[in-house]
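Some structures are shown below for you to check.
The same subunit A turns up in both complexes below, where it pairs with subunit B and then with subunit C.
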Partner chain A sequence: MLHYKNVKVGINGTGLLAESAQVDVSNNLIPIFSLGKKGLITMTPNGELGGTVTFNYLVEPGNEPVNGICKYVRENAQSSYDAYVVEVGGISGSYFLESYSVRAAANDAVTASASFVTYYPVSGQLVAAPMNLNPRNNSGIAHAYTTTFFNGNTQITTGKIANFDCSFRANWNPVYTLGRKEPTHVLLTSAEERYNIEREFFKNVTISGEALSSNINIDKIKIFELSYLVNNTGNFIDFNIDNHFLRNVNVDAVLDDIVRVSFSAEKIYN
Partner chain B sequence: MANKATQEAVQRDQQRFFIGTTEIPGVQSVRAEYTNNASLVKYLGLAKYKHIPRGPQLANISLSSLLISDDLLIGKTGEAGFNGSIVKKDGTQSVGFTSGYLTSYSSRYSYGSLPQIDAGITVLDNLNQPQTIGEHQAITGAASNLILKIPGPGCLTLNIDEFSTNRVVSYDISIQCARNPVYNLGSVYPAFVELITPLEITCAFQVEINDYQMKSFRRYPFNENVQNLSLTVKTFDTDEQIINYTFNDLFMIGEAYETTVNGNAGVSVQYKAFF
Partner chain C sequence: MFHLAKNCPVTINGNEIIVSTAEIKKRMDLQPTYEFAQNSRFNSRYTPNGIEQSLTLTYNLTGADFIKEYISSNGFITGNFGGLTFNSGILKSYSFNAQPNTPISVSAEIGIYDNIAGAFSTTASLATSKPILNFSDCSLESDSGRRYIETAESVSYNYTAEVDAFYEIDNNKNQNFVQPTRIVVGKQNLDVSIVCDNYDFNLNIFGLSGVGVRINCNHPDLANPAETFLCSGYLTEESINGSNNELVKKVLTITSNQPGEPPVITSIHPSPLVPNASYTIGGRNLNNPLFVNFGDRTDNFPRAIGSTQVLGTVPRDVVSGVIELYTINGRAVYSNPLYSFPDITILNFSPPSGLTIGRQGLKEISITGRNFDRIDRVLFNYLDADYVVDNATYIRASIPTGIENDYIRVVSSLRNKSGVSPTKFFTYPRIDSFNPTSGKAGDTIYITGFNFNDIEYIKFGEAISTNFTVATSRALSVVVPAGPSRGRVNIYNLSGLSHSRPWFTPYLLVTGVNVTGAGINTPIHISGVNFDTGIMYPTGSDDRYWVVFGNQEVGMKRVSDILLTGWLTETGNYNGKIRVVSERRIMEYDTPYSFRFFAPPTITSITNLANPRFDYTAIAVSGKTFKATINGTNLDLVTGVMLTGSGVNNADLYVRAPFYYSNTDGTQAFITGYKPSGIPAYYHTVVRSPYGEAILTGKVKLTEQANIGGYGTITQSSNFFTTELCRATVATNGITGGSSGDYGISLTQTEVNPWWQVQFLQDIAEIDRVVIYNSSGPEKTGLSQFVVRVGGGNNELIYMTGVHSGDGGYPNLREEYRFPTTVSGRYVRIHLTGASPAPEVTRWLGMAEVEIY
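And then the complex of A and B:
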């Protein structure tokens, strides 16, 4: 029996403050039937072995591996990729980042979720393992309080954002050759990134689309660790809103609250 | 020999409660409190418990006072916030708060006691912080200039449309002023604070009667009992008005007729209004 307190969660050896983690592995067996035989002949593979691992976690900017992986994939969309070693409770495998989302909401800690996909067998057993987590103090958490907005190098202090989330998705294509059960390599076919930003102001959507950054006068979001409140500096993760096209504006009017406007913009990488 | 205490306790005569630079008269008790917004964080592979701030940072003040002078709290049911403090007699501040918003107000009276006012205040900026320098200087230099206006039994007049009586046995008027502080990313303070309207006002009265006629509860919803109400509290000696509550379009939500061997017949009436 493995208690949650002994579950090591890590990516390439870097631990996460995961509130939940799921590992899923499946094959692609299909049943084979034949005329003249009523019963099943056999089950046979009809596709690759695959699996996913997903996390929900609190973000520590000084200890956040997924943001860096995401940034690497975005900035090297034409390159080849190495898989990352992802481990949950002693079960590990070689995974590719499939999706990553970060959410910052007023008065709350910044949360993230990530999912990785694999086309290789996973290994290991459920075992208790020490968490290779640098025991940072509470001031290492990313928080709404320490979310900052920039236009160029100028920090924006007015017309702020109530909530934002960024979601990234990469689509992978494993390449197989005859005589091999595992892919020879894995290609990135496309990737997309979407920002949802909530403000109090309306801006119309044009048929040809516009850059979100010019609409909201913000082109970068930096989320610092909590110690930024005291030190005015510290580790951070950042998000560039450059050439993300505004796709949707949603006006939400509910009772006992101000009218809120959500902007949704996306960028395609390939 | 036991050591004598070297510091005296802070007693009631040494404490004054101010909103802005105005002293609130007749204060019986004030409680200023906060609990921080620390939230326990658990995670897989828990190496060390953590706590992080989640939710807004708020403080609350509850205040109880006797209506023995002008009521300065009823005017705080609007949009604007205010600062305040508890000040020692020597002018030093015990507790200060900034950006306080009245969230509840009630004025109640029952025969044989003085009218009492209770207020709830939510503090959205800071507690135990000096007020603005100007306000603090004005407070520390302020002499107590309380002008007593003492009400007495029989000094309350209630008018509900055509019905009028000065035999008010008790009343209870409460106003809920819900606030919606709007927060943005990048700040621990709200960007602004909205007053959620309509305000909900509840009025309950108990009066002794002679020819009062109860209404039929079957009147609702076809013939609603909507009335205007005015309650005046005067001083017992000079008949000077201390406060007048006037509410229009009050909607009667309940009525009770009560008679007992120990007293006179009376009715209790409950109204609600939204402004």
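And then the complex of A and C:
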């Protein structure tokens, strides 16, 4: 029996403060029947073997591998990619980043979720990892308190964002050839990035779209680890808002609450 | 009621297949009729134009697809669909479009040209599990080898055939179906489209012929290949397609221009096949041959005789391998043809020999012969050489370094043939060392080196030895030949190539000489080893060779290898080392033997020894002892000394000296004796040896007794000093005075009863007195209480004086002891002793001179 405390979640060997993790592997079998015959002839493959691994975790700016992978994919959209080794509880495989989202909400720790996809068989068995609690991790998580906003090098202190989340998604194209059960290589066909931010100011949406950064006067978000509150410095992850086209503005007015304006902007990588 | 598909059986040619969809159909070709004023409405009456029937199937492959075989055979297919049966089915289309990781699913349409019989019925057969061929189990390869498709993302295989049915007039055999009297398969089309990542764009108006592709389907649970799809023909279409977020795909379309029956080979003639000779392939469907592969070689010009024979020429450089006949309809394989390959023959090579190393070494030779086909090795002494086969009769090869004489071998491993040169390729032998470097004829010399093969002879200097044993190509032993063997050692092989190395020194040893010296005509035998004529210097006559005696050469006759004999014929300077002169006077063989030429004695003078009183002016005393010294040469060889009378008195008398001896170098002879009474006082002195005699006339006059104290072996009981000054012989040096501090005396150590004596070589007659001179120094006190003793041959007592009574010193410097009568003895001793009865005396004994008369 494997207890959650002993489940190691890691990407290329870097562990995460995962709150949940799922590993899913599936094939594509179809049944073969025959006219004039009762029953099944056989089940035969009718598509690739594939799998995903998803996890939700608390972000540690000093120990955040997925953000780096996401950055790499964004910045090298024309290149070929190597898979990353993702491990959950001793089960590991070669995975490609499929989605990644980070959410910062007022008064909450910053959380992230990531999803990786594979087209290869996974390996390993469920094994318990020793419980090595690293005290450093306890003070290294990110929080809404340590989420800062910049326009250029100027930190914005007024009219800030109440909530924001950034989600990234990559679309992969495995290339198979005859005679192979596994792809010869995996290509990145496209990627997209979406920001959802919540403010209290309204901004109109134009038919041709406008850059989000010019609307909200913010072009970079830095999320520091919690020790930033004490030291005013520390590890951080950052998100650049540039050429993300504003697609949607939603004004939400409900009883007993302030009116919130949600902006949604996206950027396509190809 | 409706039935389920699982109750609807489908069999083709009686075989069950895994059908996923099936449709059997009849369709009437209705010719509508129209009537005037009916405003284009369909009249209820009709005119039938015939009925089309077909069975359309979609099925999965579980192995070889027998339906696919109808693409080429065009035979009739029988079938059963839910109890509806037919017997005259013709395959009209056959296709699949396959993606990786999907099962192979084939769609086929069978045209039916007989009346479908039977009635729909159901069955309840139970499915049997079977493996389904999947495209992930397949591989794609080019069929002809002329175009290679590395990868394929998907492939489609499509066949269609136009089927023409021939109907005769008034042939309404069945009211419900007009059956054709003949069915002809017309235009057929087979193409394969491949989606791949080969972005070459090569198609031109001439097309690319000879293009083929084969899809091999393998399954781990089936005999493989489980099924093969082949399409050989022309590349007829190329396209490259791109769309957003998709792969850029290249689509190749290969069209087989006339799908038909694939060829079948039933016989090969001749068997075995002979390269570069005609062949005949027998079989079926052999028309339109494209090419024939014989293993990895191709005959590109096969000729068909009808559809049953293909003629051509077996490629000259063919090796064993299967025969593949390609026609436009496919490929036929003959798996185990027999081949008969001609033997490889090497006729000649040039140059036939040479040095293979160094800057002057040979780099290349040419080899001529026959059947130099598929050569993969050229060997020299089993070492691989780089080579170029210019043609089947000519090879140029680089000679490997470090080879030995050996045959050249040309090998075709693929044909399992090899040829060997008629003669060996010769290269130089090499001597690295030989040992020993000196020896005599018959000795064994061990030579190490390289390439000691085919050795013809070995030369030592100018002497040739064929007596050798080759142990390995790098070591041999050889017997040193007789003759002039001094010089370089040369080793020659049969091709005349040689190598030499310095330096062999013949060995001549003298082990003995029968004499240490000889005179004229005395036989001299020199024994030894290796008195080889080749290493000695001949005199030019009578098999004689020069031998050096001292400083003069003598011709010695060679009796055998171990003996030289000869003699001296004249006097000369022969004294010194014996040496044998080598050939050409290169050197002289040293020996440990010295030679003495025994020349006749000569006398140059006669003197007395340290006694001036002996002179020939004095009056001779008859019957008294005398001594004399003869000076001359070769006196040590003297065997007798005679004093012969001379003058007018007794010319014929002589006296033989009773005692004589010579010093070792023969320059002096010492004689002692006594003068007989009644003979003249003047004498000639004659010395005789075996080698002659010498006479000194009128030189000797015996006048006086002689002091003979110095004639003999003089010893004393001990020596006080180790210096010459105190030796016993000092007492006979003729100096009658002195002490140990100046001229010297004989002086013993302080000991009990010391003595001094002279031992003559033989008994001396008529000894009548002894004169003793004491030391003038402090040693003089030692000479007291002594006796003078004369001993015989064994030193037994002959006569002894009384003890000198004086004690505490010798009173006079000179004291004479005259015997009462003369005595004859060999020993004269001065011996310190005590008074009678004699106590022991412990003292030294020192004397300046002792004279004995």
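In this text, the second predicted complex is superposed on the first by the 264 of 270 C-alpha atoms of A that agree within 3 Å, B and C clash if a C-alpha of one lies under 4 Å from a C-alpha of the other, contacts with A are read in each partner's own complex, and residues count from 1 in each chain.
We adopt the following convention: contacts are C-beta pairs under 8 Å (C-beta built on N, C-alpha and C of every residue); 3 or more make two chains touch, one makes a residue touch a chain.
All figures in this text were calculated on a predicted structure; none of them were measured in a lab.
*Asks:* Could you tell me if A:48 is touching subunit B, subunit C, both of them or neither one (first, second, both, neither)?
*Replies:* The second partner, subunit C, only.
*Asks:* Going by the contact rule set out at the top, does A:9 touch subunit B (first), subunit C (second), both, or neither?
*Replies:* Once the two structures are laid over each other on A, A:9 reaches subunit B alone.
*Asks:* Look at A:34 in the shared chain and tell me whether it touches subunit B only, subunit C only, both, or neither; answer first, second, both or neither.
*Replies:* In the superposition, A:34 contacts subunit C only.
*Asks:* Which partner, subunit B or subunit C, is in contact with more residues of subunit A?
*Replies:* Comparing subunit B with subunit C, the partner touching more subunit A residues is B.
*Asks:* Could you say whether A:85 touches subunit B, subunit C, both of them, or neither, answering first, second, both or neither?
*Replies:* neither
*Asks:* Quick one: is A:268 in contact with subunit B, with subunit C, with both, or with neither? Answer first, second, both or neither.
*Replies:* neither
*Asks:* Which residues of subunit A touch subunit C in the complex?
*Replies:* Touching subunit C: residues 28, 30, 32-42, 44-48, 171, 173, 175-181, 184, 187, 189-190, 270 of subunit A.
*Asks:* Can you check the complex and tell me which residues of subunit B touch subunit A?
*Replies:* Where subunit B meets subunit A, its residues are 37, 41-48, 50-56, 178, 180, 182-188, 191, 194, 196.
*Asks:* Any idea which subunit A residues touch subunit B in the complex?
*Replies:* Going through subunit A, the ones touching subunit B are 4-9, 15-21, 57-58, 88-89, 104-109, 129, 131, 133, 135, 138, 141, 143-149, 157, 160-164, 226, 229, 256-258.
*Asks:* Using the touch definition up top, name the residues of subunit C that touch subunit A in the complex.
*Replies:* Residues 5-10, 16-22, 59-60, 82, 98-103, 123-132, 134-140, 151-155, 215, 245-247 of subunit C touch subunit A in their complex.
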